[in-house]
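Have a look at this one.
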Amino acid sequence: MNFCSINDVDNPQGWVDEALALKKEIETYGPKVYTGKSICLLFFNPSLRTRLSMQKASFNLGIQSFIFNLNQEGWQLEFEDGTVMNGYTSEHIKEAAGVLSSYFDAIGVRSFASLSNKEEDYTEKVFNQFVKHCSIPVINMESATLHPLQSLADMITIKEFAQVKKPKVVLSWAPHPKALPQAVANSFLQWAGQMDYDFVVTHPEGYELAPEFMQGARLEYDQKKAFEGADFIYAKNWSSYEEYGQILSQDKKWMIDKVKMNLTNNAKFMHCLPVRRNVIVTDEVIDSENSIVMQQAAHRVTSANLVLRKLIG
Amino acid sequence: MNFCSINDVDNPQGWVDEALALKKEIETYGPKVYTGKSICLLFFNPSLRTRLSMQKASFNLGIQSFIFNLNQEGWQLEFEDGTVMNGYTSEHIKEAAGVLSSYFDAIGVRSFASLSNKEEDYTEKVFNQFVKHCSIPVINMESATLHPLQSLADMITIKEFAQVKKPKVVLSWAPHPKALPQAVANSFLQWAGQMDYDFVVTHPEGYELAPEFMQGARLEYDQKKAFEGADFIYAKNWSSYEEYGQILSQDKKWMIDKVKMNLTNNAKFMHCLPVRRNVIVTDEVIDSENSIVMQQAAHRVTSANLVLRKLIG
Amino acid sequence: MNFCSINDVDNPQGWVDEALALKKEIETYGPKVYTGKSICLLFFNPSLRTRLSMQKASFNLGIQSFIFNLNQEGWQLEFEDGTVMNGYTSEHIKEAAGVLSSYFDAIGVRSFASLSNKEEDYTEKVFNQFVKHCSIPVINMESATLHPLQSLADMITIKEFAQVKKPKVVLSWAPHPKALPQAVANSFLQWAGQMDYDFVVTHPEGYELAPEFMQGARLEYDQKKAFEGADFIYAKNWSSYEEYGQILSQDKKWMIDKVKMNLTNNAKFMHCLPVRRNVIVTDEVIDSENSIVMQQAAHRVTSANLVLRKLIG
């Protein structure tokens, strides 16, 4: 069993409940001492929360985690089949994945989108090669198009803070100076679409996400309208999917501020972090009582705990 | 409780004794198996002794340590409040510190002086932001102006090797090709000033340390005079505090050699390491029987043991 | 006791048997919980298998491993005695080795050949300075001229797959776009020469390995002739020893392909990895049933297990 996306999860709502129960169990009984299991956490990209929450969750479950920063510590990998490897790549994914499979009980892989090759990104060329060639469970620690550990944490956080049975949840695009992947947004769409939410997405024209992820979401181009009566505002930047990887707007009017939050039903503010203050969101909003970004980040351990227990616990 | 400086220590002399007792306890009973506690060791700068002694001490106490090389593995942090973060910083210290606080039981931070902005360095802008925004104990693994884990190890080493009740301890400036922070010297001043030493500092004119740290120390510009009758010579380079971060002298006459050591009372030679041989000190002196730099470095574990037990043991 | 080369091994054939027995023991009883021992794994160069197999083997034996990427995380080391250290090196190996010895129960060191200074490489200047100045066991994780953890794994693999008492083992040079060290080949020569093999080495003229390692091996310049009747083909590139560090040939005729493998006695194909596909070996061969590169890589843990038990278990 892998954890690549929500498609690996039989019952997403059940997982949210289980994760919260497991969190309480760990708080009560403390981390487990020892299982004899080990996991390799392989990074192609920077990470704070994913890296440290996976290490902490491993520790919680008595699983030994080993970090491997492939670009700095290992060999440049080749992902094409049949290549004559006389260039800058030294090792084929077939060998790397095979070897890791023989050493560990599971592997986590973090590999961002290139944002230059849409087809390679959206077929998850890199991540799927790990899945294909590993004989152990593979955990998505953010791939080109998805970040399910984040989304599960998001769902857990909404569950914990929701005050109505069917909350209105709004995913709002916000400006950013650099081109960012669509992974967090796509993955949020997948998961939120499976929950009992009134679920709205709002963004400027040209920022439409891939249609396959939009099932279950309502699109509203008017940000203010989208915010009306919302219980949760989830801010996130992404670059264009259509004009792939491009920044089409840095319009400051899309920044989340107090005036917009006042349109909501006293909504909680969420963001996956890291967040650029006063670009994505004003200090006033993120420092307000309604901001739950810290609790959301803390739930990265909660979601990692469950995924690890499901896969190798 | 934090460990930022000697100001966090109620009884510095008592800590020296406790650290030596704890060392014996660990030698006798071995490392502890398991406490369920974990610590994140966060590095902005290179480190050998601090990194590895903190990991070893964590291991000794049954605390799981996780390394985080922020510049290479994480996101560029923002330390200014109110900034519009549309530049090269991706994450604000508020979020980073908050998240780390929710994952771990303590954090260690290593962040050197810029040597370009005296005010920012001497207000400990970076380190104090961690202290301010973390809700868990913060350990100083060398900040802009202080290195208390080193100083505690220094005091432990002097205690172990002192043959008189009130030893004469001399902190001597020595030349170096690069501009170095004042942190080790400042911190040594703070701690040595609290011990029962005849405590002398010697350096060329222009290398005066910040007045607030000089309490309890006697200044002697004549290095030879300072060395007379000394029981311990502690060599260290630092750049100018007055002409901030500048190298005013590389005068080889200040190198510690055998002729100068002969002026002492058969003094022990100390240095915090890494040390540039035949620049700071001659091979003859550092390789002599009177050199206790190895024992001093070994006591980095001794001091880290105690600090960890005090804070999260 | 160190593990620098086969010269530290009293009974190489016995070690092969012991390693296989220990592997079974670990598979049966699982990793050990805890010994209180710790090891520092120090890397000057990239590594996947060595890094992760040493960490896994440490875990298997209940030894805590700590990674130290010296170039990225520590201080530039000085290896010359008597130097005036006013250049780019900050710490002498004497201090570094001494400090590591006081913190840990053993150390592993990975330091590749320069391929520019033959004398320094072949006197193992860097690695031997660690051996000289460490007071704890030192493990060779690939030095300038040797890679004994790899060779022991190779011998274990051959033992496991050999179907005759005295297999014909062929070490074949193969082309590569970059100049590589001779370490794996040298070390294989040392170990294979101690086994009960019909042992043949084949390479283009000009690629003769250092004579001191060639004892026990037969040299055959005709690759096809060498392959006849072989039970194991071990492919590896190395740069010239005579014209030190030079690439004299990239002749594709030396690539291992199916036609050549057909000359053998249904030989198993081996390589230490990472391997450049369709340069060293064709996809067809490495993906065939006769390829045992994965099992060979898996035995890196088997060999590391034994070395760790021998030295600090």
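The first chain written gets the first letter, and so on, giving A, B and C; residue counts start at 1 in each chain.
Just so it is clear, contacts are C-beta pairs under 8 Å (C-beta built on N, C-alpha and C of every residue); 3 or more make two chains touch, one makes a residue touch a chain.
The structure presented is a predicted model; accordingly, all values stated were derived computationally and were not measured.
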{"item": "Proportion of interface numbers common to chain A and chain B (over half same, under half different)", "value": "different"}
{"item": "Rigid-body rotation angle, chain C and chain B, from Cα fit (steps of 5°)", "value": "120"}
{"item": "Chain centre separation (chain A, chain B; CA means) in Å", "value": "39"}
{"item": "Chain C: positions in contact with at least two other chains", "value": "33, 67, 72"}
{"item": "Residue ranges of chain B touching chain A (in the complex, touch as defined)", "value": "33-34, 36, 38, 40, 64, 66-68, 72-75, 78, 81-87, 89-92, 94-96, 98-100, 102-104"}
{"item": "Of chain A, residues touching chain B in the complex", "value": "30-31, 33, 43, 46-49, 51-53, 55-56, 59, 67, 69, 72, 177, 273-279, 283, 287, 293-294, 297-298, 301"}
